[in-house]
Structures are given as structure tokens and as C-alpha cells.
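One chain, chain A, appears in both complexes that follow, with chain B as partner in the first and chain C in the second.
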Partner chain A sequence: MMRGALRVGLSVVVLLGLTGCAGDFRYNWQWSILTCTSENIDAGCIGPYFYWILQGLWWTIAVASAAWVIAFSLGSVIGILRTLDKPILVVVPFVKSPIYFRTRWIGTSKGIITVDVGWFLHGFANIYVTVFRNVPLLVQLFLWYFVFPELVPHDAGMWLKRDLPFPEVSTAIFCLGLYTASRVAEQVRAGINSISRGQQYAAMAIGLTPVQVYRYVLLPVSFRIIIPPLTSDFLGVFKNSSLALTIGVLELTAMTRQIEEYSYAGFEAFTAATVLYIGVTAIVMGAMRIVEARVRIPGMISLQAK
Partner chain B sequence: MNETKDTTSTDGVGIIQMRHVSKWYGDFQVLANCTTSVDKGEVVVICGPSGSGKSTLIKVINGLEPFQEGTITFNGISVGDRTTNLPKLRSQIGMVFQNFELFPHISIMQNIKLAQMKVLGREDNQARNRSMELLERVGLTDQRDKFPAQLSGGQQQRVAIARGLAMDPMAMLFDEPTSALDPEMINEVLDVMTELAKEGMTMMVVSHEMGFAKRVADRVIFMDQGRIVEDATKDDFFGTPRGDRAQLFLSKILHH
Partner chain C sequence: MESGGFDFHIVFHSIPFLAKGMGLTLLLTVLGIAGGLVFGTVLALARLAPFKVLSFAAGTYVNFFRSMPLILVIFWFYFLVPLVLGQEIGAFQSVLIAFIMFEAAYYCEIMRAGIQSVRVGQAYAGEALGLTYPQNMRYVVLPQAFRNMIPILVSQAIVLFQDTALVYVVGLSDFLYSADIIANSENRLMEMYITVAIVYFALCSWGQFQVRNLQKKFAHE
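Our next item is the complex of A and B:
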């Protein structure tokens, strides 16, 4: 933790140095503008701007956290679905087949018809990841905000446009969540696939059902393995949330720009925002390191599969 | 010859019955028309060169790997039938792997308790008592709160055997249980297995430990290129002249 704090401090100093002293760059820093109150009307202050920054930070954290909840839960499910390689057979009730047939997803056994649900789920998960990972996030944001309400049935579109609470924020959360879910899904899939096949055999051999195999063996181990990449995905969602300003969410970056427009103190505002972004990132990384240490398995040097 | 559709017959006394089983990985045939049966209380050792399909033969028995042709029944239940409850079937067959495959994130005790509670529905106390009995039996009671990575290979394999026995299985399958072990640890595992065999456990053991085979096996199966080439009683296998491949193989593993 100490080292982390030191590193953050150093980064900030370096940053200030770069913006303040580089070459012929002369800038009259006026930090007081961030804390000015509306009495200083002559100074063009309708602040206090520092509150604007805190408000922006609040929305950034709110959007990122809510999006992460979606990303983590949906991404885990999709990642798991992508690892299904065995059929999940569901018996079709009441219907019997007089003839024998068997395809990849439907077949008979003694007249009983079984459908391989796993085949459909696996296919859905693959398509999901391909689509959401390969369309630029900004495009996705615009599609959800401007295009999607026009595509759905008229009433639903009207609801989205008129009655959706906090429309910009909701859309941003939803969009960021779905996009990040595709990244989480890939981490989860990679984590599960890195576990040796023998572990799965062993779990199945003692009689666990497929769901239990995941619940008690594959997931506890693979989530431990993927803590570092998941941390960086969480930081990604936090940083990507700044794109939400394009549809009008007043998060940290948007607020910073607004301060610049009102007060011309752009450098001060952006420096403050930068420090806050780095600060939050450092806190998250520190927290995840603690989590990692707490779930470490005794005696294990590395969790990677043999 | 082709009995693909016959999934009901249970004639014979074999608890494990395998008839004309073939399996392919793509175009590659791993098992070719394998037929054998194992009676209750019998100990069968399977040997053969690397890649001959021994592990696969073991894994199709409890449905860990699917097969395309033939029939396998365990205790009268067809393994290949799409409607068979495979998890339930597997819970009645213990299995031990070359690389132990203990679950790394839970303690030794929890490793043995897990399936007892989640599959058999035993209470925590009951499962703990049964686990203690088994740990005592494999001589590892003092290791119960450690994690798998903190144990030696031989100790891990003994825990794995205890984990299988905890389900009170009708048969045990072993896939090269000692071949990942240092020589000084092989015997501690073989001793546990020998004792188990003497108590009348039905066992199928893939192993090249011919000393073990001579001591406890009732029958020996020799596999080559996916086929069961020899399936003989122990005395016949070690006593009388056999096919060239088996002889060559035996002479290689017995003389080093």
C-alpha cells in the first residue's frame, strides 16, 4: 500500500511537471478558481467548481460501479456458457418418437426425444462475445442511445425516450455493462479453460452434476486465477465511463470540460480530474491486491494449470 | 457383430460389462471392438504401450468419455444411454487419476467431504466421521487441515483414494495411480490398494507395476492400438507364452 501511494504521488508530480514546465510553456496557474465561491462574480466564478468536480466524480463512480455489476454477472454467465463442451440434454416431455434419429442438437433414445440445450446456449454466447467485443464502444453507445429506441416496437421506443428514468445515465450503464460483459466473459472462459482437464474429470467422477462441477471446483479456482485481468477490466469500465459524456452524462470528464468553458481554468480542472482518476485507480488496485492475498491457496505457488 | 442398438441385456454376472465397444476421436480409432467383463470382487490390471487406449478404456466405463459403438453396463445400467443419470452412476464408481486431481482450493478434509455432502446428501457430522475413518485408514489423519499443494505426491494420491472410497463405491477405477510418483512413494500407495483388493473391492487398475499385478490381480488385460489383445487370468498371463506384442512389452517393463 505504501509503495502504491508513493507511486501515485510521483505520477502526479511528473504530470504537473510536464504540463507546467515543458519548454516555453507558460501558464498562470490559478488553483483558487476551483474553490472560489459565487461572491467572486467579477472573477467570472459561478462555482464553487470543486463541487462540480466532486459531482462528476460521483457520477463516474456510480456509472462504473453499476455497469460493473452488469458486466460481472452477465460476463460470468456468458463466459461459462462458452466453456460448455458436453451436451446438456433435456428430455422433451410427453412426446415420443417412433423413429430413431440423432443430430447435433436433437436425438432419440428408446423413443424419448432429447434436445441439447447446451448447443444453443454455447452458440448464443459465442455470438454475443463476437458482436460486443468487435463494435467500438462509442458506436455502441450511439446505437443504444439514438438508434435502438427507433428499432423496438413503437410503445417500447416511446417509453425509452420519454419515461426511462435518468435516460442518459441508464443508457450509459447498460451499454458499458453489456460491452464489458463481453470482456469479462473472455477472462472467465480463459480462466476455466486453463484448469487441467483432469480436474473436471475428477469432479465428474465423484458424481457431481455439471452445475456442481462449476460451482464447487471450476469457478472457485478460475476466479482466483483471473483476479488480475478482471481488475484491469474494472479499471477499464471506470475509464471508459468518460465516453458517457458524448450522450450527456455529467460525469467527471464532462464536468471538467464544463468548468473550462465557464472559467477558462481548463488546466486546473483537467489536472484535478487526472489526479482523481489516478487516485481511484490506485485504490481499486490496492483493494484487489488485498482480495488476492486473502483468497490465496496455501501451498500453491501458481494456480496456473500444470 | 454389431450390437449398437442392444442396450438392455444384463446377462452374465459382471458388474462391469463391455461389449464390442469402439470409440473414435475424429478419424482416429482409440478403442476397437473391446469386449470384457469384470465380476464383483475381481481385480483386473490393464497394461499396454503408451497410447494404446488404456486411459480411454477406463474413462468410457463411467461415462467420462463418450463412445460411439457397442454397449457398456455398470451394475445393469447402460452407460451409453442418453437418458441414464450419469452423475448418479459415477457416484457409485470411485476413480483415481495419475495426477491425483485433488481440488486445490479446499482442505484435505473438505476434499473428502465434498461429494459425500453434495451428492449423497450426508450431514456435515456424518461426512466428517466417514472422512476421518478413511484418513485413518490411509494414515493421514494429521494432514486433514492442510491443502493439497502442501502434501507429497504419495500423500495426495492416498487422499484421492480416500476421496473415492468416501462414496462407498461398488467398484474403483485406477488410471496409472503410481506413475507420477517418486519411487519411494510408490509402495505407500500400492499398499493401500493391495489392502483394498484383499477386502474384496472390485477394481480395474491401469498399471505397469507388474509386481502389484502378480500379487493381487485376478486377471490381466493387455491392450495395443485400441484393441484388447490379451485378456487372461493372472497365472495364464504370466505363465504361458503369449502373443509377440505382449511378450515384447512385458520383457521391456519387467527388465529394468
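Our next item is the complex of A and C:
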């Protein structure tokens, strides 16, 4: 982790150096504005820029973390649904069919009508992933923020527009969570599918129910396998939270833009934001490496190789 | 909404304007892919090169851009490019440079995985034939690597196509921003945003379908 931090530090220095040397780059650096803690015109502080940046960082972390909770829980469920390949038959009560018929999702057996719920769940999960992956996140954000309140019943729409606490932030969290869930679902599915079929058959052979097969055999292994791609999805949430500035969430990038507008010292603010984003990335990557090492199953080659 | 109900007439009337926006989106996508591929390949070669300084510099570049949000990169270049060049060159060029620099980092990682997926024996065989390092890369490793990478490169192209919507933040009239202009001037947010979503969805789904076909095609061979 120390080496990682050193690398990050070095890279910042190198890149800043490069930008400084390029062409006839004339820019009057005023690093002092980043330390503005109160309004002080003489020192070039029209606002408490230092606190703005901290506040922006706080909102970035808050939005990203909350969105990740939604993304991880929903994404896991949808990913699992996408791996279901056996029918889950549910008997329709009180209704008997005089004729025999059978389709992919509904059929009869001795007059009793059964519906394959698994087919619906599987289909829903597939549609969910397709829709959320194939529409740009920014468009999704606008749909949730501007269009969704108009589509729901009138009272609910009014509540969304008037009484929802922190409307911009809540919408951003919700939207980012649902979007990232589709990515998490793909990782979870890939993780489960990467486990050899033999494991599943062995679990069934010793008498585990389908739920137990997932709970005790498939999920514990697959979640360990997908830690690296999940880490990059988690970092993706941090980066994507910057899109929330378009609907008025004052997160880190929005704050730097605001400082640029107030002070014309944009590069200082952008640099601060860049360093903070890189810092968040480095911390998350370091933490996930520790988690990965902690939960490693001894003797599992596929995990040690990564 | 005061006017109430759906009215998709406005969408039909604005098709020429929207098509112009889509033209800019596609141009940005194509140029971004082309530039990103070329620069990304150079980065990947540098990253895998046997010289420590080169691979370290390329690695730093990639990690740097991969930990930054695209919007921040767009802002950086939007303000930086005119300063470095000493003259205004317009938002499109600044944004295009930002996209190429940003996407190159991602293409580099795809390339690296692709190059590493070529069996080591191939490179050894090339060396044994007396090929130099550049020749070995050019005639033996890269052609095979590109073939392995095609599906994932197309996937990344779809991601880039979606990412171009972010030029909204600097007010460049791409597809989304054009629709946004009409949506706000005619107070028809619902119709315009839904139309935009459907168009993006249709194009990206078509792209995904092609990716799946490519994957099947390469899996058979």
C-alpha cells in the first residue's frame, strides 16, 4: 500500500510538471485560494473555498456510498436471478383446467395449473440489465429527475417534487444505485457461472436445497472471485457521482466548477479535486486488497493468481 | 406539466435538429475511438516494453486517468487546451482531446490484456526466426491480439458512445444537448427525454447484439 501511495504521489508530480512545461503555458497559479476559510477579499477569497471542497468531498462520498448499498444488494439479487436455469413452479390455487396445455411459463398437470415463476424472474432480470446498461447514465438521471415525477400518479408526483428530502441528492443516489446494480448483476452472474458445474451437482447430491446450494456453495466462492471487478465498479460509483452536478448536487466536481466561476482560479480547484479523487481511489484499492487477502480461501488457485 | 399529456408532434418537428446533434455525437464517437485506439496501442506497447522508465510512465498515465471522473477530465481540457495552445480552438476540439486522452487509458488496458492473451510461444517463435522486437509485434503478436480483442473493443466503443452524452456539461450540441434545448424551449421535457432514451437504447442494444455475434463467431473458430 505504501508503494501504491508513493506511485500516486509521483504520478501527480510528474503530470503537474508536464502540464507546467507544455507550450507557452502561462498561468498565474494562486494556490493560496485553496486555503480560504472565510470571505476575505484582500486574500482573493470570495467564498470559503476550503470548506466548499470539503463539503463537495463529503457529498461525493455520501452519494457514492448510499448508491453502492442499493447497487450491491439489488445487483446481487438480479445477478442471482439471471443464473436460474430451472423452473420454479407455483400452483395456481382454486383453479382447475379441464384441458391440457403447456407453454414455457404456464402449464397443466392432472388439471392443476402451474406457473413457472422462475421464467418471469429470469426474464425480468435480463430486461433490467439490458435497459440499464444501454441508456447513458446522464439520460437516466434526467429521466428520474424530470420525467419520472410526471409519470407516476399525481399525488406521488407532487410528493416527489415537493416533500422528498434533498430531492437532487435522493434522485442521484437512487439513479446511480439502479444503474450500478446492472453492472454488479453482470459481475455476480459471471462469478457464479465461473464456478464449475461439478460443485453445484456435488452440493445437490449431498441433499442441499437450491437455496442452500446458493447460500453455502455458489455465493461464498463467487463473491470472493469477483472482488477485483466489484472494486472497479465501486470506484465507478465515485466517478459517476460527478454526473449529479447536472441536476444540482454540489459534489466535489460541482464545487470546483463553482470555485472556478468565483475566483477564476480553476486549475487550482481542479487539481485539488483530482488529488482527492486519486486519494479515494488509492484508499479504496488498498482497503479492497486487504479484504481480498483476509477472505481468501486457502488453496484456491484462482484467487491466489489474482 | 401545464400543457398536460403526451405530445410527440414536437419530436417529429425537431428531427432535423436532433439528427444534427446525433451527427456530432457520432463524429465524436468515431474520432474518439480512432484516436483512443492509436494512442491506447502506443500506451500498451510502452507498458509492456522491456524498458522500466517507459512502462512506469505508461502505467502512471493509465492509473491516473482511470481514477478520474470523465466530467472532471472534460473540464480540465476545456480550460487547459486553449491555455496551452495560446488560442481559442473551440469546445469540440478540446472535448475531443479529452476523450482521446481519457479513452486511451481504457483502450490501453484492453490492448494489454489482448497482447498478453497471445501465447508466449508465438513471441518466442518470432524471435527464433530472427525478427526484431518491432517486427515481432507488428507481424506476429498484434494481429493475433487484435482478433482476440475485437468483441471487447466494440463493447468499449458502446461505452464511449454513451459517454459522449457528457459533453452536455460544456454545452456542446450533441444529441442529448440538442434534445435538451428543444425540451426546455417548448416545455416538453417528458417527450424529448423519453425519445432520447429510446434512441440511445436502440443503438446500444444493436451494438450489444453485434458484440454477441462476434463473440459467437470467434468462439467457434
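The definition used in the following text is that the second predicted complex is superposed on the first by the 281 of 306 C-alpha atoms of A that agree within 3 Å, B and C clash if a C-alpha of one lies under 4 Å from a C-alpha of the other, contacts with A are read in each partner's own complex, and residues count from 1 in each chain.
Here is the rule we go by: a residue touches a chain if its C-beta (ideal position, glycine included) is under 8 Å from a C-beta of that chain, and two chains touch if they have at least 3 such contacts.
In this text, all values refer to a predicted model and were calculated from it rather than measured experimentally.
In the model built by aligning both structures on chain A, chain B fits alongside chain C without clashing.
After overlaying the two complexes on the shared chain, residue contacts for A:143 are found with chain C alone; chain B is out of touch. Of the two partner chains, chain C is the only one that A:235 touches; chain B does not reach it.
In the superposition on chain A, contact of A:224 is made with chain B only, not with chain C. Within the superposed three-chain model, A:293 lies out of touch with both chain B and chain C [touch as defined at top]. In the superposed pair of complexes, A:277 makes contact with chain C only, with no contact to chain B. More residues of chain A are touched by C (comparison of chain B with chain C). When the two structures are aligned on the shared chain, A:95 is found in touch with neither chain B nor chain C. Once the two complexes are laid over each other on the shared chain, residue contacts for A:134 go to chain C alone; chain B is not touched. In the superposed pair of complexes, A:257 makes contact with chain C only, with no contact to chain B. With chain A fitted onto itself, chain B and chain C come no nearer than 19 Å, counting C-alpha atoms only. Shared interface residues of chain A, touching chain B in one complex and chain C in the other, do not exist. Residue ranges of chain A in contact with chain C, taken from their complex: 7-8, 10-12, 14-15, 19, 22-27, 130-131, 133-140, 142-143, 146-147, 150-151, 235, 238-243, 245-246, 253, 256-257, 260, 266-267, 270, 273-274, 277-278, 280-282.
On the side of chain B, the complex with chain A involves touching residues 7, 59, 62, 64, 81-83, 87-88, 90-95, 97-99, 101-106, 114-115, 118-120, 146-150, 160, 163-164, 167. Residue ranges on chain C touching chain A, taken from their complex, read 1, 57, 60-61, 63-64, 67-72, 75-76, 79-80, 83-86, 158, 162-163, 165-166, 168-169, 176, 180, 189-190, 193-194, 196-197, 200-201, 204-205, 208.
Chain A contributes residues 89, 91, 107, 109-110, 112, 114, 196, 198-199, 201-210, 212, 216-217, 220-221, 224, 297-301, 303, 306 to its touches with chain B in the complex.
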